[in-house]
Amino acid sequence: MHPEKTKHAFEPKIIAFVCTWCTYAGADLAGTSRMQYPANVRVLKFPCTGRIDPVFILKAFQQGADGVLVSGCHPGDCHYIAGNFHARRRFAAFRKLLEFVGVDLGRLQFSWVSAAEGGKWVEMVTGLTERVRLMGPMQEFKELALEEQWSGAINTPELQEAYNSI
Amino acid sequence: MHDNPIDTSIYAAVTEAIQGEARRILSEGHVAAVVGYAAARRKGSAQPVVVTRADDAGKLIFSAACVNNLAVYLTKARKEIPKSGKIGIVVKGCDLKALVGLMGESQLKREELYLIGVPCAGVLASTIQPDTALTAGTIAPKCRECDAHLPTGCDFVPARQPVTPELEKHYSAEIARLEAMTPAERWAYWKGQFKKCIKCYACRQVCPFCFCEQCLCDRNKPQMVETTPRPAGNFAWHIVRAMHLAGRCAGCAECERVCPMDIPLNLLNRKMAKELKELYDYEAGFEVREKGPLATYDEKDDQSFIK
Amino acid sequence: MQLYISEKNLKALLDRLIADGMRVVAPRMDAGTPLYGPLTDSAGIVLDQLPRRSAKEAFFPLCEDIMSYEKQGRKVSLTDIDPAGFPETVLVGVRPCDAAAIPVLDAVFSWDYKDEFFLERRRKTTIVGLACTKADDACFCTAVGLSPANPKGSDLFLTPLEGGGYACETFTEKGEALVNANRELFAEPNGSTALPLAEPQTERFDLKKVKAWLDGHFEDPAWDSIAVRCVGCGACAFLCPACHCFDIVDEGTEKAGKRRKNWDACGFWKFTHHASGHNPRDLQPKRYRNRIMHKFKYYDDKFGQTLCSGCGRCIRFCPVGIDIAAIVSEISKK
Amino acid sequence: MSRIGVFICHCGENISRTVDVERVAAEVGKLPGVAFATDYKYMCSDPGQGLLKKAIREERLSHVVVAACSPRMHEKTFRKAVESAGLNPFLCEMANIREHCSWVHQDRKEATVKAIELVGMMVERVKKNRVLPTITVPVTKRALVIGGGIAGIQAALDIADAGYEVILVEREPSIGGHMAQLSETFPTLDCSQCIMTPKMVDVANHPRIRLYTYAEIERVEGYIGNFQVTVRRKARSVIEEKCTGCGVCMEKCPVKKIPNKFDQNLGMRPAIYVPFPQAVPNTPVIDRENCIKFKTGKCGVCRKVCGPGAVDYEQEDRLIVEPVGAIVVATGFDLYSIEEKPKGSPIKGYGEFGHGRIPDVIDGMTFERLASASGPTGGKILRPSDGREPKQIVFIQCVGSRAREKGISYCSKICCMYTAKHTMLYHHKVHDGQAYVFFMDARTPGKNYDEFWRRSIEEEEAVYIRGMVSRLYQKGDKIVVMGSDIAVGVQVEIEADMVVLATAVQPQKGADALAQKLGISYDKYNFYSEAHAKLRPVECATAGIYLAGACQGPKDIPDTVSQASAAAAKVIILFARDQLEREPIVARVREAGCVGCFYCKKVCPYGAVEEKEIRDRQGNLVKVVAYVNPGVCGGCGTCQATCPSKSVELDGYTDEQIVAMIEAL
């Protein structure tokens, strides 16, 4: 018997960028422990949070992510000594930039999840999914992607349909 | 208020001093060339010039129309400037900060430069006709919060003291205004601005720190940033640009000055500078530092935003 | 046909066109910058400033889709953009320098290959020109043989009058059709004299002499000194009413995307960069030389026209103060 | 055009129970570039791998995606299979549809959709994968062993006996560790020192073991086969090469009353001392905090009496760099001291047991010292407070361990057995005494362990009371222990003369700091994490580093010794090769785009980035660009994320691969 599943009107698309040593392993642990969490998340594995270029976060939003989770090893636990320390600064700056251009930071979550923290992984994914579900779809980048310069715009029914669908 | 004149009377004497020094270092063979400003056809206008002969030193000027940051001619736009020997360069205080940054990023060597510093009371804003008098209303926004009227650490600075009235700070006020908005309002503001962008890349080409030979945004395998000047691609470009300059830009505001679409690009740079100052107590351009704030870390860095 | 239209009626005309579903494109303020764009009502029109970008984008957009692709399984479906879908447009408030460049562009877009994207927009657009009463020292239309009152390229041309309103003259069927459909908004000329027109200060270039020099000086040390300051952006080409180079890019993902046509600029390093890594225009002076050559020699060689209408945008907005008027004037004296 | 093969694993029912694997195969089979898609019960099995290899050959596959468990589990398996079928192993990727999908979702539809997308992402990624050649690096055939307890000693001896040089580093002045402190050992009751000291001497005499005692690890750089370890040799103030170990200095030292940590502070030692008589090396160390010479500048007796002139007050810490190819970590454990709550410790404290307040409440290790013939009481069980023999003694088990509410949920594993041993030792020494044990369960799995435990009850008359102690307090010279006997269901109150607490086994202090230097992971208690709980219990996830003993989790001596030998075997296996193949996940510089800003060099944690001059044919300097030494590169990719022009790229995680995945969403 499975517990009854609540159906939601909006299922957000969540992309997670994680390091392979801690958070990916933590997510594996959540699996081996048979913990349950929303199926909205798609995990992209990196060697280290140090490898995560802010452009990827931007790209994820542009490609239709409603929420982005970035997670790696706790400070001091980096398999590569200091990758997460560099990442921490990079992300601290980048989120300020995103905030300044009007991205609601509720959609962008950073966390440290160690290989031992399967539960924390579940908590992070569930928390972000639920928060973004309440916030609704990330309209801004989707609208932007459909917008044309006035001079190049053509008013086709397909375009209108695409607009209406978001 | 806005038509309060700003005293630029020292510029004549500064011009004379620059010419004299350029003539001396060229004729004595200290430098192979001097990068400076020269008058151009339009009334009151100035443009960058490379002087290689002492006889041409008289072409050099300094005026409120000498807006360019010439640092760009020492890096990527350098190809046509004589390679051998020291280069002399005319620098305002704001330009000097870029040079300092470039030294930290292994792009320039101090010993290969002869710095002619300019005591500067300010230059004209980008949309102002070059023959306009400098006033509180026509001065470039960056000059309103200038903290480097007199460049330091130069090889030569004309002994003149610019008179610099206290002006209302433009960027701090704009940052505060935007910060007070809701995310949706800020998004709408920037969307409106970025929509105008035509991807002429003038901002990139004049930036002393955009010295990459191949810009990431020009690459197509993979295409990290769309090259089309549509709203989506424009937004991405400006975010990437601001992020790449974070911790490096010292506020010469060339990007904003040259933008033919009046996009307030330096506002993004100043916001990032403000954040990095608050987070890591770092300000670009004051001393040659090997590592900028995003090339280093402290184990105790703030991580209140990380769960 | 010579008529008079008051400022009020001009606005009424625009509002009526808009209400009828016509796209009315005119200069208006866009986030603080004067730019051409579709009006939602006549109140937004801004006629006292030269728009930052030229009128060419009404025919040659900054960026346009020309095709889209979508993969479904192993099938790839391609959809062409049908120019028939382009909207009927009235382009209002076009200054002589902008309007004059448009027929010049007809030549290149209908030469061997007929560019339906450009030509269909041309067919569907009525151009309402406007004489200039102001000029700054970057303006040089008179230097290339045009003038602040030259109606070249306009279907309908407006000249501001003393005491308000405009003298209105039609030059084409399209212009006449626009007037006839809204005849009651126009009146017979009332005898007012035109406002004093602008007088750009640049002396007229001897374009023949300029071309003659260019013919013989592909290699010349002058290029180095002219372009030593050029930093290689595209501002001049993008603001120019006559520059028309474009780049075609595919954008999208493995699944779906668009083929797009974007403005390009010969000042860019990438413009002639070969896939091999070789770049025949390896240094900035060679790129800037192409800009001058194209405007005053190549286009003349091919179409007998000059690719410059003297709007002065490239002078005003060159980040490093390159002044094409000064350069061409210099050449004409050689 | 790629010809990708996609293989969807059922994992028995582990995946197929939740994910419609046939549907996944059908859907991804439609993706452009996918030439073959199938599902199979167990992809990792022999027939599964056979299927994969057959398809590669018959379908002329160019790339492979295996959708199964975590790549952390089987990536190597499938890459090896792919390689044996003639494809470059790095053209194979795994989609994790078990740990990240079927095991964490219950809704079949959602899980199937997710699985299709996860596989789709990997299909797009693998299209951008490049052939990566394996990189070979030389192996430095010397090992570092950290910790000189029984684990470190065993590992060092085994490796050295196999013919390789070993550097053994011990923090304390002598090797021996906790085992040297023990009295007798379960389940045989042989004297700990009798079996330990010969091994210590073996270490000291071994021609291939270089022993650094009173030394700590300062810094670890490099990677498997090629570590550079900086060892800090703390100033001993005695020159080891000169000292003969005669002991005159210790006799003459005017400071005598310093509590000896080795004796759990019950015995005393001088300021110049060896921790115990059988110490190896038998070279004293000056405790500078308590030495009069160092405190006041006066004295200097030890230098005066030292014949060989070995005492050197000016000695300073020395940093020694040792190149090694493998590292065994054997830092052992410590007993949780409930009198003080260590900073950052998850344990909340056991104030109710009076440890530290009531002198005759001691921990198990203190009891060991009391029972040891070489201990402070010469092997007599005497109360620390008044030196009387306790006639009633209470042992309390699981103090700290298995107490989730206190912060530790694990079992310390050794306490049941050592408490049983303590009751026996007590009974042997205090014939008229009575031992009581409060316990939750007796955990005695091990050869002859249960027999041993039963003996303590049946033959040695210990009274085992199932239940926990709620409170104890001092009453006159007695300690009143109040507890419950849940077997009978009554409250019990015992007036004891001494109470022994079996406190939890914890990692050594500073275990986390050492892990950070080594770049190995650890759990929330600071026990070091093995690469796989079952199949790689000795290896760390960081290649070239191995674990032995209680630093990985509570262990008794036989388990510790077994693991130490296992770790040694792993090291010997590594050293059996001259060249080591390493994963070619390294950064490479695209010199054409590099402008030499050296941001990569600034952020590289390995110092792998060098400056390289590019010259034209005439020899003129064109530019200076970055060069990544593939042997030193750790493969984190921080350089690429930092490089403004993306002119450095991490193989295996290129921007193209990552963007392809993002775009597949």
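Order of writing sets the chain letters: A, B, C and D. Residues in each chain are counted from 1.
By definition in this document, a residue touches a chain if its C-beta (ideal position, glycine included) is under 8 Å from a C-beta of that chain, and two chains touch if they have at least 3 such contacts.
Keep in mind that what you see is a predicted model, and the values were worked out from it rather than measured.
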Chain closest to the middle [Cα centroid of all protein chains]: A
Result of counting contacting C-beta pairs for B-D and A-B, higher pair: A-B
Chain A-chain B separation of Cα centroids, rounded to whole Å: 36
Centroid spacing, where centroids are CA-atom means, of chain B and chain D in whole angstrom: 53
Separation of chain B from chain C, taking each centre as the mean of its C-alpha atoms, in whole Å: 31
Whole-Å gap between the CA centroids of chain A and chain C: 44
Multi-partner residues of chain B (at least 2 other chains): 195, 216, 223-224, 229-230, 294-296
Touching two or more other chains - residue numbers and ranges from chain D: 592, 603, 642, 655, 659-660, 663
Chain C residues counted as touching two or more neighbouring chains: 62-63, 253
Touch list for chain A against partner chain C, complex: 63, 148-152, 154-156
Of all residues in chain D, those that touch chain B in their complex: 592-593, 595-599, 602-603, 624, 642, 644-647, 655-656, 659-660
Touch list for chain D against partner chain A, complex: 70-73, 96, 98-101, 103-107, 110-111, 113-114, 117-118, 121, 512, 515-516, 519, 521-524, 529, 541-542, 585, 603, 605-606, 634-638, 640-642, 650, 652-653, 655, 658-659, 661-663, 665
Chain D partner contacts - residues on chain B that touch it in the complex: 105-107, 211-216, 219, 221-224, 244, 290-291, 294-296
In the complex, chain B residues that touch chain C: 40-43, 45-50, 68, 72-73, 76-77, 79-81, 129, 192-193, 195-196, 198-202, 204-206, 218, 220, 223, 226-230, 233, 254, 257-258, 260-262
